[in-house]
Structures are given as structure tokens and as C-alpha cells.
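Just passing along the structure, written as C-alpha cells.
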Amino acid sequence: MSFLLPTNEIRKDFPILDTKVHGKPLVYVDNAATTHKPQVVIDSLVNYYQTLNSNIHRGIHYLSEAATQEYEAVREKVRAFVNARNTCEIIFTRNATEAINLVARSWGETNVKAGDEIVLSQLEHHSNLIPWQMLATKTGATLKFIPVDKEGQLDLSNLDQLITNKTKIVAFTLMSNVLGTMPPADKIIKRAKAVGAVTLCDASQYAAHAKTDVQALDCDFLVFSAHKMCGPTGVGVLYGKEAILNAMPPFLGGGEMISHVEWDKATWNVLPSKFEAGTPNIADVIAFGPALDYLNKIGLDKIHEHEMTLTQRLLDGMAANPNVILFGPKTTENRGGVVSFELDHIHPHDIGTVLDFEGIAIRAGHHCAQPLMSVLGVPATARVSFYFYNTPEEVDMVLRALEKANAYFHRPVKTNTLPQTPKGQVQGVVTK
Amino acid sequence: MMDNLDSLYREVILDHFQNPRHHGALTEPTVAVDGKNPLCGDEITLQLSVENGVIKDVAWDGKGCAISQASISVLAENVVGKTIIEAKEMINNVKGVMNGSVEVETLDMGDLEALAGVRQFPVRIKCALLGWTTLEEAFKELNI
Amino acid sequence: MSFLLPTNEIRKDFPILDTKVHGKPLVYVDNAATTHKPQVVIDSLVNYYQTLNSNIHRGIHYLSEAATQEYEAVREKVRAFVNARNTCEIIFTRNATEAINLVARSWGETNVKAGDEIVLSQLEHHSNLIPWQMLATKTGATLKFIPVDKEGQLDLSNLDQLITNKTKIVAFTLMSNVLGTMPPADKIIKRAKAVGAVTLCDASQYAAHAKTDVQALDCDFLVFSAHKMCGPTGVGVLYGKEAILNAMPPFLGGGEMISHVEWDKATWNVLPSKFEAGTPNIADVIAFGPALDYLNKIGLDKIHEHEMTLTQRLLDGMAANPNVILFGPKTTENRGGVVSFELDHIHPHDIGTVLDFEGIAIRAGHHCAQPLMSVLGVPATARVSFYFYNTPEEVDMVLRALEKANAYFHRPVKTNTLPQTPKGQVQGVVTK
Amino acid sequence: MMDNLDSLYREVILDHFQNPRHHGALTEPTVAVDGKNPLCGDEITLQLSVENGVIKDVAWDGKGCAISQASISVLAENVVGKTIIEAKEMINNVKGVMNGSVEVETLDMGDLEALAGVRQFPVRIKCALLGWTTLEEAFKELNI
């Protein structure tokens, strides 16, 4: 486990990595929030607006035809990227969040009734939780959760009791954005199929870091966001099996998703148009194409290996620092390059601020996973998350900065006011 | 470490963070309210003992970053013995310092001054204000 | 009416205008579909991805704070652009279509019941029709339409019978994307208020071409798309009055729109976050800022005047061509720079193709307004639509190309097969 | 005008457009079906008179662009007198030419050849196929 990509070469493709932050070179390890974009993606946007810009699908002039072809070519690239059977199974949304809402509204409100059960995992991001809460509230269905064990892995020991004949849908993440855990999707999907439940995989964290194969997974839906995988903001992907998508009512109404419109009724366009109402985010979808090419060129297997090398180094370094409290898996088994931790007696936001002044961008907070925080017993964690352009040197800089943070908050201070005498009513002044 | 970082975490703030004043609980508080910073999810509890419009004692508990902990510790130290009118003015002043409408130099705020550095860190302003907005809630609870 | 903007200077800001199409200089008069983007907008995207790229709102590091500030600064720019009272009344969506769906779902499903009436106009784009059809179908409400008169203006003579105490919402366009008509919004809104109905203005065509003032209009909702006003694709705007937005349930669930989340329930964030679930289209929202600055610099009044000069020239030229059948207003009164027409005996798509080979980009089709087409009695029209970078010379090129198209389709052809003898059963062979 | 434009609107096509064959209606059609191009909203009606598996006569009506009108006129001219088997093969060949899987030179299609130019105009392929997919529908109606 010490494979490394040629980051020297790779980093040249990412102009932002040369940024200085507070006078220090940027160390960007907040990739689970969003990744940076290679120059080819930026160039694609420039090229689009300078030579192709046009509305698509209904235009008869040169620009419109050219833009339409480029847009649809990316749909085919996405199909190949996740190995879907058919290009019409790829729907472009704004982000993964919208894709999940689309399923919860369009599929959910048609198929879920009072008394039905919706099974999620305790690892879920709010985006794969709130839409199901809304659906449950509206329909009278019940939410159930696959629990997280001490190592941050899903505990499947009661899977057969959790996923039953009452279960209509099982929606879970392929990789936790907090702990990095990669749950055993095959087992969960197998059980869901046994009871006839539909499955949705949240690949928001996964798709950028390991090969996604919807046919091998055999899930019914899968979602992810372009911005977390070298693509621009404003583009999400919903994969759905053709037969299920065909049976679903449309989500948003408007231009492009219709076939024949009368005053009080309309018929719907075929897939994928049925689910893409209004003018799409044309430029950004097109720019997602070179992002996918770029990832394919580097290779998802190698990306994962590289990240595991960095993760191992980080975990080793953290194990050597007695002030670090690690959440989630302690090894590189079944995980991605996302690591959550605390420093003893230092709030994650304070860690974040100190690291920021070292040029290091980490995330601190609940990571849009408040219920999972309650399982961990903390309101927030600090989180380091890698991508293929990160280096072992950067890992070392993070580790050193954590030591500095520790020293900084435990430095001796001149007490400038005398500690007040505790008043009668004040019990137990806890000195931190 | 850098100057800027020290302008956020001044010695006074670290002192309050390391040695929080009035941390704990009152046996018979006149009022007890919870305050939450929705941005980060951190939560505190603030208890007051009020008599004839004067804040006799304060205690607090809860978790948060150094800024929020220090700010509420400073708050506690400052409002004990003050009238509610005076405390309310103090709240306004602190808010004013944070949103830039009040110059901290024009005030005589003691340790409070150390909080002014937070102004340069927009996402941490909510941390510095957590205690103060909770105090405001406490007054609302008391209908004063 | 002969004011013209300095297009020589302006056109330098739009690199795409130098494109050659089929060897001819591009004449882009398909602006109602989407407009081109000035270089400052393209530069903003490049700058964002090269120096600022980061996820927003929850980050504590430098990039995230900087990106958040830029993103929120654009919200304030949009507020000023439409003169909203409060920045929190501006919600970013993917496009105008999504904004209308948000209202139809979130406001509509909460407030509209069986027997209620929804009033639209006959001018509406599918995007301001289908969401209301869906709402009507779901709730049992009825749709009613303000009719279009022969001139393409709305006929308000029966407004009091159309908008009644049963009316819950009146949703109509401020400018028709087919005919260019600008309906008298003040009268419609006044009547809606008199019966306590909520109003939604579709400013998709209007906002780019004339000053929008939501306080003067006093509408409850207003929507538009950035891509139709020099901004990037993937950004729409929903303006809503604060009190109404506050009373509405959220539309999409996910990250950022929540306040406190438990396993089975959650509380919502304040406006505008409540309606912006998941990672927004950060780069494009930020790039919309310079687009608004650019429009403000030129001035919306001047843009409208310039377009009316071009429109007058086009209408005059068309009136002189006996083969042109014009739809909609014959003058520049109460209209924008969108002109729909037919050429006698030539299908709009054929006109479009011929013009494309002249380098001229027009649109041909139903323009996402099939019901309006039925009022006009045609399946499709050809449409020219201007923006401030178009020139009188371009108008003349369009007019000349229309004459060419006419000549082209009426050129004598060598009949290479003898016309078949009509068989007994074939009645009335109509020679076109 | 340019070569390319003429490669779409060949003389043969304009001829059919200006002098459409079999335009109108049959008095006693065996089958009548509507076909619609969802992209543009144009619609045609196609009527067939079929006897013993042979297409005896064809008539059509409806609106559309020059390509669609010419294509259906060519269709009408070509299928009259043909067996349904032959007509189906013709449909497949035209589709093949349009999607690029069949070289038009390998076929003996008469005026149909003129439609091959449409292949360079992706948005107009649906126009060229409108008549042919409608004919397919007619066969489906007849359960053949």
C-alpha cells in the first residue's frame, strides 16, 4: 500500500493548487466538500461560451445543433462511466440532492403508502435523509436505520429484521462523507431484492474515488454530483433503471419534458427528457465531459490506491499523536480517503481556524450529518479528505499543524483577571 | 503562529477558554435558557438569578469553540451585578462591535475588547454572539 | 424611435459574435432562447475555478469564506436588480422553470384545494403552464386562461369574470416568448389583489430587456433565468415576498436547508437557505454577478429602446414583403424585441434551415407554447428575437434572407418523374 | 445558395414538395393512421388500401416541412403496388440510411435516394422518417 500517482505532473493541471492562503501554499484537503477542476474543464466552459453557446434540443441552427450534440455526448460519457445499459437512464439534475428529491417525490409519492417502511443507514448525509423524512411525513410511512458499529462500519447483523416485506425502498450511501466508510452494498442490495424493495445508492462520495458499475451493483437508482469529481458546480446525475423511470410520473413540469400539450393536460416526452424540464445547465454538463475523461485517464483504481496510501500515512501519524481522537475505521479496509477526528479539548472549528492559518483547508462541523454526530456523541468533527492531487508531504503538513494547534491552545496564558471566587449558588466550576 | 491568528485568539480569550468563569449551574435560577448556534450545532445553557431588575448571579454550561466559550465566560463576568437595562445595552454594544456599527474603542468593555478581533472572521461572529443572544432570550423569557 | 447603442464597442465584449457559420458571419437573433455572455462573465468562471473554488456556507477555511462572500454578494445584486425589499427574498434555482415548480409545489400544494381556480394567460410558455396543470390534477383545482386577442395582446375585457373569489393564484408572463407582447401586469395584479389571489410573474423574457421592479409591480412571486440575460446556464431566480416564503414548506430536502436534524424529523433553516438544498451552482451564481453589472452599465431603458429600433425596422421590412405573415403586435407598442412570423407556403423549419446557411440563427417551432400555437392556428412559427448587440445591418440581412428563402422554395424544378395520374380513390390532389 | 443547402433540398425533393403525389384521402381506406413529429408538432394522416397483402393505394394529408412532405410523397409513390413484406423492407432501408447503418448506394431506391442528404442534418431526420414511421404504425394497426 504505497502506490502514489505522479502528483508533480497532475498538480500542473490544477491552477488553483498554486494559491497562497495567509501567505502559505494552499493544502486543500476538503475534497469531500468539493474537488478542484483541471484546466481542461475550465477550458471547456470558455470554449462553450465563446464558440457554441446556444439553447439546445429545439434549435435548427448551427450553434444549437452543435451544443445539443456536445450535451448529449456527455450523457453517453456518464452512461459509460457508471456502466448503465442505456443512455436514456442518465438524467441530469442540479446536484445529487435534487436527484434524491426527484426519486423521493416522483417514485416515492407514487409507490409509498402509510405503513410502508423506508430503510436508510445511520451514515446518511442530510440529502439522503430529509427527502425521505418528508416522504414519510406525507405518506405515513416509517423510517428505519441500519446502525453504525464502533468502527464506523454498518452493522448488518439485524439486516433481515430491518429490511422486511414492509420495506419499499432502501437508500444508503456507498461511502460516508464523515467517516469514509464504504458499506457492503452487495449484501444490502441482495436483501432488498429478496423482499422486493427498490434501492437507491448515494454515490456522491464514491463515484469520484472508485469505479461505479450500476449493472454489477444492480441498484435501481444511483446519484452523484459532478462538483465532487472534477466537474463544475450545478450538475448532478440520477441513474435509474429504464423500466422504473418509465413508470414514474415527471418531477418538474415545463419546456422540453412534454410531448403534446393542450390547455388542461399534456403528455410526456420520452426518457431522459421527461425528467429534464426547462433549459438545462448546458455549459456545465458539457464541461463535465472532460472531467470524466480526465478521471478515466488517471484511472479510478489508481485514484483509490493513491488515496489509501495517503490515508494510511495520516492514520499512522494520528495514532502517534495522543491528542487525536479518531472517528471511524482505523485501517484502510473498506474505506475511502475521508478521515474524521477531534483533538482533545479543542473544538473542531478552532482546529479548522488554526489549520487555515497554516494554509490547510479542512472542514469542521456536522458535515450535514447531524444524526450521525449524535451516534458519535459529538456536535462536530474535524475532517480531512483527500483527492488524487494530494501528496504525502501534505499529509505531513496536516499532522504537524495538528501538533501546533494542540500547542497553541494549551500555551500558558497570563491570567489577566483573577479567577472570580465562585458564588454560593455556582456549583462545580469545571476548569477545562 | 501568525499575527492574525493571535488577533482572533487573544490571550484574554484563551484565558477565559482555559479558565471559564461562572461555568456550572445555579441551584435556584430565576430563568434558564438554551442557546444554539445553528451553523455548527453547538449548544449552551445559561442560567440567571435576577432580583429587582438586577442580575445577581449567572452560570452556564455547554459546548462550543474557544470563541463561544470565552465570550460567554466574559459575559458572565460582566453582567453579574448589572441591571437588566445595563445588560441590554451591553448586548447591543457587543452586537454593534460585531456588525461593525460600533467602534470598540468608544466603549469601556474590559475583557470584552478582546472579542473585537472576531469581526475579521465572519463565520465566527455567531460564536462570539452565542452567549449574548442567549442572554437576550433569557430576558424575553422573563418578559423584560 | 431610432436610438441605437454603440454596438461596435459592445460586440467586442462577446467573442462568440465573431463566429462564422457555414462560412458566413454569425447573425444571432435567437436571443429569446438564450443570450450570449460577455467576456467578463466567462472571466468570472475562470477566476472562480482558478482561485476561489470551494463549497460554501459551512466552510471555515479561506477559500470557502471567500466563495461564500462572492456568492452572497450576487444575491444582493439580484435583490437590487429587481428592487426587492430584502436579500432573503431572492432564491437561486436552476432555471425559471424550477422556480415556477417550486411555487406550484410548495405554495400550491399547501394553499390550493378542489374547486379553487388557477388563472393563467393564453400566452404562457409550457414552463408556466405544466406545473399548474400538475397542481390542478393533484388538487382538483380548475385552470382558466386570459385570452389573447387578434393583435396578440391579452384581452382583459372579461377579467372580472375570469379572476374571482375562487381564484387562488394568477400566473402570467410579463413578455411573451412567441409574440413579444407585454401584457398590462398592473391591471391583472390589481384585479388579483382585489379577490385576494396570489400573483406570479414570469419575467423570463422581460427581465433582460426592461427594468423589473417587484415593489412597483407588487407581485408575490417573480421568476427568471440568468442564461437569458447574459448570465451562465444553470441559474434561475425566484423572488418571493418574505412573509409568503416564510409560510411555505421547503421544496427540496437536503444539506444547507435545515437547522436541526433528528432521525425522523428536522427543522428548517431561515430564508433563503430553506429553499436552496444541496450544493448550489456556486460558480455560475457568482458569474451572474458581472452579467448584472454589465446590463446595469448599458442600462435596461437603453436596451429596450435599441431593441425597439431594430424591431421597427424588422416590422417595416416584413410589411413590405407580401409573403410574410406576421403574428402578434404590428407596432412597437407594449412589446419586446421578439417577432414571430411565417412565410407563405414555407414551413418555419425550412425557413430556419435556409437562414442557418446564411449564418442567421433564428428559432422555428412551437417555442414551448403549443396551446398558443393552436390559438394562432399554426403548428409552428419562425421567430426572430433581438438583444442589445444586434444591429440594423443584421435586421437587413434577415430581411434579405427571407426573400432568398422565398425564392429558393419557389424556384422552378425539373420535374423528374411524371406526376402520377390520380387513382380513382384519391380525391382532390392539392398542389401547394 | 450553398451546396450544402442544395444537398438537403435536392431538386427531387422540391419537386415532390411542390407537386405532392397521392395527397388527399381515400374513400374507403383499409386503415388510416395519424403520425406526429413530437419535435415540431407537425402531424400527417396516412391512409392505405390493402388487398391480399398488397398495398393497392395510398393517400395522405397533413402539414410539415418540405422534407417531411417530400418524403411522404416519395413513400406514397414507392409503396403503391408493393407487398407489405416489400414495404417493410423499404422502411428498414430508409431507417438504415438515416441512421447510417445502410449505404444508400447499395440500394435501388429511385427518388428515395434524394432523401439521403438529410442524414447530414440530424434534426431533420425525424422529418424524413415521419411518413415511414406512420406507415409502420399502419401495419401495426392491421396486425401485420
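By written order: A, B, C and D. Residues from 1 in each chain.
We take it that a residue touches a chain if its C-beta (ideal position, glycine included) is under 8 Å from a C-beta of that chain, and two chains touch if they have at least 3 such contacts.
These figures come from a predicted structure and were not determined experimentally.
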If you walk from chain to touching chain, how few steps can bring you from chain B to chain D? 2
Between A-B and A-D, the pair joined by more C-beta contacts: A-B
Report, in whole Å, the distance between the mean C-alpha point of chain B and the mean C-alpha point of chain C. 50
Report the inter-centroid distance (CA atoms only) between chain A and chain B in whole Å. 36
Quick one: chain A and chain C, Cα centre-to-centre, how many Å? 33
Multi-chain touching residues of chain B, meaning two or more other chains, are 39, 41
When you check chain C against every other chain, which residues touch at least two of them? 22, 58-60, 260, 349, 353, 364-365, 370
Could you pull out which chain B residues touch chain A in their complex? 1-2, 4-5, 8-9, 11-12, 14-15, 17-28, 39-43, 49, 57, 59, 63-67, 69, 77, 80, 111, 121, 124, 127
For chain D, which residues count as touching chain A in their complex? 36, 38-39, 41, 122-123
Residues of chain C touching chain D in the complex: 22-23, 346-350, 353-354, 357, 364-366, 370, 373, 379-380, 404, 408-409, 411, 413-417, 419-420, 422-423, 425-432
Interfacial residue positions of chain C with respect to chain A in the complex: 15-16, 19, 21-22, 26, 28, 30, 33-34, 36-37, 41-42, 45-46, 49-55, 58-64, 94-98, 100-101, 104, 125-127, 129-131, 133-134, 136-137, 143, 145, 225, 227, 232-236, 250, 252-258, 260-266, 277-284, 349, 352-353, 355-356, 360-365, 368, 370-371, 374
The residues of chain C that touch chain B in their complex are 58-60, 65, 69, 259-260, 269
